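Next, two complexes with chain A in common: one pairs it with chain B, the other with chain C.
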Partner chain A sequence: MAAMTCQVTSSRLVCVPSAALLAFRGLRTTPCALKNIRAGVPKATIHRNKPLTYEEAQAPYKIGVTKSWNSWHSANLKGEGFDARAAERTFDDILIRKFIKGTWPGLFASEVIVKRRHNLVVVAGLVFQQMTARKQYFLMGYSEEMLSYLLKCPVKLEIQTVQERSDVIFKKI
Partner chain B sequence: MEGMSSVRKLCFAHFRLLRLSFDQTAQSRTFCREAALYQRSRHQRNITEISEEEEFRTYEIPGLKIKDDTRYKQRKRRQIPPPRYRQMPIDQDWTNVWPAASTFKWSVVPFPVRQGYVETATENDGVIPPKYANAELMKIPNFLHLSPAHVKKHCAALKEFCTEWPAGLETDEACQKHFPVEVQSSDYVFSGPSIRDPRARTVTVKLHLSDLELDYHARDKFIRLVGDCYNPDSDEVVFTSERCPLKRQNDDYIRYLLTAIYFESWKKEAWEDEKAEEDMEKYFWEISKSKDTVIKLLQTTKEIDKASASAGDQKLQYLPDDTSEESLLALKEVQEYRDAISECMNDGEDDNSISKYGQAVRKLLGIRGGVNTEAAS
Partner chain C sequence: MAASLSARPPRGFVQFLFNRKAFCTSHDLQQLSSVSASTERSVSVNDKGQEIVIPRKKKRDSLSVLRALASTVKRDPDSPHYKYVDDPFLIPTSSLAKRSNALSRESGRKAARYILENYSQWFNENPAEPPVDDFMPPKLAYTHTEPTEAALIERIEKRRVNDAIEVYKKAKQGNVEFSDSTCRQFLELLCVYNAQDPPVTMMPEEFYFRKDLGHETKRPSKTWKDDGMAERVFDELQEKSIEDQQNLIRGMARYLQTDKAFAMYDEMMEKKLPVHLLTFNELIRVATFHHDTYETKWKQVESLLMDMQLCGVEPDLTTFNNVLFSLSRVPYFRLAPSLLLQTLNEMKKLGIEPSLTSWKHSLVVYYPNDNADSNLLYKIMDYLEGKELTLQQPEDAEFFVTAMKRCCVNHHDVELAFRIDRLLNTGKNAELIGDSRLENMYYSFFLRLVCMLETMDRIMEVYQRVTPHLWTPNLSVLDELLKAVELQDGFQYLPLIWTDLLLFDFQRRAELLEKLLSLMAKQKQEDTLQSQYSHIAGQLLERFKDEHGDQRPTPLSTGPMVGHLITIAENSTDHDLAWDVFDTYCNNKNAFSGPPSDDAMKSLVAGCLERGDSEKAMAVVSFMESVEMAGTGEAVQMILDSDQVLLSQSQRDMLANI
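This part shows the complex of A and B:
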């Protein structure tokens, strides 16, 4: 990228390799436009009444800027080799999210947050107060038990409840 | 309005029907009650009432007449008590409130905190989201379990397992003197179900060569045996091992290595005497060509001086009559020359050593001149 000259045209960044570089490489290239800024960005409606949570309102390129990660583990740190098993951790996270989505249907107000403290897996998130507390405690115990058998680690659910749906609405588009 | 109310009535009828089907397995008393409701819907009741009273429908203003909705009241929501932080005394023990690492709980944290980025007034009314219902605050790691009060308690708990620092080891030099060998190894923790890490088996042993008892030959041999492990700038030899699967095995291996090299370096093999000038670790004037040249030069000069009869024509005054090698080597000028050239060769050339060399050469050859010549040269 250092060898290329970039021209900013409106909202797109068009990167053109310098003439010297092109001549040296002998390649025929078209200018590559970094256009992928649409993935994960919700479309605005005419009536501006589509509710978004804070997380949904931030686009993927805001991860690490105004939006934080949902999975926290040490397998992706620098210096950790293959034995950290980052792929297995990622798969475990997918399994946890599918499980929670099925066990708590329509009840999670936020994304499922997965944290790992050594051997302990902590599943956190915001849940609506639609059910009685008894049902909620049952689901928590059930989830913890089933997930710990599936993942072979102790699993703890640290969820918080939210009274109304409007409490988590950040923006309407 | 009529259309809307009829839709609502249909919905209620449907609801009643559902309740009926759901309670199929319920008690017979419940079933009878539901059945009575199902038989006579509100719509039918209204029609019969109207036809009895008048011909025209009455216009019902919405909101004016309070409708009886007792049957369809929502399930009473249990009163949620106020958050815990409202009942916290100021001087409470925070270590009891937040004993271990935990996700952020808005109702337990007693201070106001906001997290989020708001760009325009349309987002959350232009206000940064508060701690209630804030998933971002739950995501990030917090250190509320490591407040100063926590650390104090941890230290107090660990103190009973600690001993005093040994007397006599206050300074680094004292530690180095009494414990010259430094052994380094690491243990690794990370998130995951396994405790194994291949980096944990690496062991490094460091020591200074000056702490070992070695004579000149042994030291030279040791350095040659050890190779890259020796750092001449810091006089440190570093052994690293990760060839064995376990840390203890690597540690034993390095100890064996060190012992073997140490005793080997004290032994002198027969073939070591075949060491030639190019194998030498530093410049030795005694075995160099320079010595032969100087001796020969001085001997030749002495012969010339002997041949020339007059005393004034002597080239080198200081040469003794006996021109054997031993007597020549004992000469002050020759020794000065030897020191100067050895310094240049071994320690590198700089202004000081080169000027010394120049001085020595002039003295040896009896040449006058130079920048730093003394008055009587």
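This part shows the complex of A and C:
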């Protein structure tokens, strides 16, 4: 993008390639406008009764500010090569999230947080108290064991319970 | 410095510092050395004129900080056990919840294991380098399926006894010859496992609760298969070596076929063949199952020990523990105590440290019943004080329960009980409490003794330390606790005991709740405490109304309880509550067993009269009459005598009729 200059005209940012580049390319291009600031931002309703959890309420541009990531691992750091298996870890995270969603149907109150420490995968989240404690323990033992067998590494579940849905509602828009 | 930086030292920052130091001036060096000099014993005087002594720097190894931190990690009595999740909804406090939560978690694991074993085709990919075997499906398939020698060896190695027997039988039909060593290995397998598959290893929580689940209830009995596979294979061996004979003896002894075992042993002794230590151990253990009288049983053990000496075999800890086990099976034998002491002396001479099993058997011999008088327990505690113990044999776990039981039942000594508890809490000894049944018994004995003999404050201290996370009390302990409250006027603790009843899920135990409420109703307490009592009474009534409406079982279930609630309410001058209770009772007489007590009714009448409410008083008295209570006459007199109430003529007539 170094060859393009960004000019601010009225209230929009317009990126215009330099004349040299235009002449060189011979492509027909329309100027692209970097005006997309609405992706991932929940839309307000007329009656302002759509409930959002804290995480849902933060827009994507707040990531790293007031919104954090749901998967934590060190495979994306600079210097980690192919052997860090970043792609496989992402896939494993998808597997974990699908598994938890199916095993705890409608019971997870928050997103599934996946953290990796050395060989250990920690799956954390908030769960509703709809199920009796005995059933929750059954599902916890089952999930930990099953995920260990699937991912071939020890998996621990760190769960906190929450009484009802209104406890995790942050705001209504 | 710039030069060193541009040279890009390999270790980055550390190298930079190192290079920096090289450029220190001599003045800096002096400063550094003076700093190090001052960490040695230097005495300086602060402005208050006190001497400040800076101690010498101690040499510490690299692990000392970690060790110091590790020593702070103990079992925290305020938090639940590690196996439970630390969340208020998921923390179990009643014993049923503890058991079911731990077992549900384990059954979840079992379910996952079932899927792994039965659908193993989905779990075969192992990206770990090196591959992790524990998370892979178990390899159950055999490589050799034909009845050959290799197949037999494979099954012996995998300890699949039934399959091995099958292969052997098929091979014999097909006239396959086995080598001597294979036959010997096969014989050993059969002797160790008594010609059947070994029992499935229980998972940790299942093992911990096995007695509550009914797994371990059988007394030792003969299970050896006479003329079974083991003996057949033995007979088919051409030359029966010493090892083979001993394997057979040990197998028979383990499964309590004592006649044949001892017969074979006598044969071996006659032929003057060398006998191994393990064989002696097994035989000593079952010697008491072989004979009938105490004398002959002990004689057998003694002769075995003398044979050991003749053979020149050195005894070990297992030998002595088996001798003590045999003695513990004959506790009423008059020579048993002295023989026990002799055995312990022998152990000492040989330098073998007695394990907890030895102490447990000693206690069984010296305290054969609940009335025995001895001071062996004190001596054992003196010996064990402050030691960190390890689990060497399964019977070690029974030591603490036996010690606490004897301390509480035979000695009634609280100080000794606290000593035993302190030993349990040193280091990692808490793991030696064994399984859940033994733990329950231990704490049950401990707390019952404390409740019987200690002051109220001390009792509550111990009680609150131990419950609810280390252990949940049972009915007998709570009974003793309430007795102690009654004897020692510990009425301020009753609200705490009520909340604990809710925690332990005992609120529906009628006798316990009745006792608790009767103590609350016993006398009028000072204001804050009395208001707490009436709050509890109100709660019970609310629960009754809710739960009875839904037809669920509710704590408030007997007439006497109702009476106590009325008394509590009247004591706290909450007449509305008292009337509410009475009203509910009258409307739901079927829900309650037994009538309220006289005194409760009378106090209710008194309360009504104070309010000047004659209607209500009349209602109460007519109820009393209908149930034919003894105090009806007095209640009537109370109404007639009272000057707070104006009675109409009809009311007077009614009263006259009663």
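Keep this in mind: the second predicted complex is superposed on the first by the 142 of 173 C-alpha atoms of A that agree within 3 Å, B and C clash if a C-alpha of one lies under 4 Å from a C-alpha of the other, contacts with A are read in each partner's own complex, and residues count from 1 in each chain.
Methods note: a residue touches a chain if its C-beta (ideal position, glycine included) is under 8 Å from a C-beta of that chain, and two chains touch if they have at least 3 such contacts.
Please read all numbers here as calculations on a predicted model, not as lab measurements.
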Clash or fit (per the criteria above) of chain B with chain C on chain A: clash
Comparison of chain B and chain C by chain A residues contacted: B
Chain B versus chain C as contact partner of A:110, first or second or both or neither: first
Which of chain B and chain C A:172 touches, first, second, both or neither: first
Touched partner set for A:57, first chain B, second chain C, both or neither: first
Partner chain in contact with A:81 - chain B first, chain C second, else both or neither: first
First (chain B), second (chain C), both or neither touched by A:118: first
Which of chain B and chain C A:70 touches, first, second, both or neither: first
Which of chain B and chain C A:160 touches, first, second, both or neither: both
On chain A, positions contacted by chain B and by chain C: 85, 129, 133, 152-153, 160
Residue numbers on chain C that touch chain A, as the complex places them: 85, 87-90, 92, 97, 100-102, 104-109, 111-113, 115-116, 123, 126-128, 131-132, 135-136
Touching residues (chain side chain B, partner chain A) in the complex: 77-78, 80, 101-103, 105-107, 116-117, 122-124, 129, 132-136, 138-141, 189-194, 196-199
Complex contact set, residues of chain A against chain B: 53-55, 57-58, 65-70, 72-75, 77, 80-81, 83-85, 89, 109-111, 113, 115-119, 122, 124-126, 129, 132-133, 151-153, 158, 160, 162-163, 167-168, 170-172
List of chain A residues in touch with chain C within their complex: 85, 88, 129, 133-146, 148-150, 152-153, 159-161
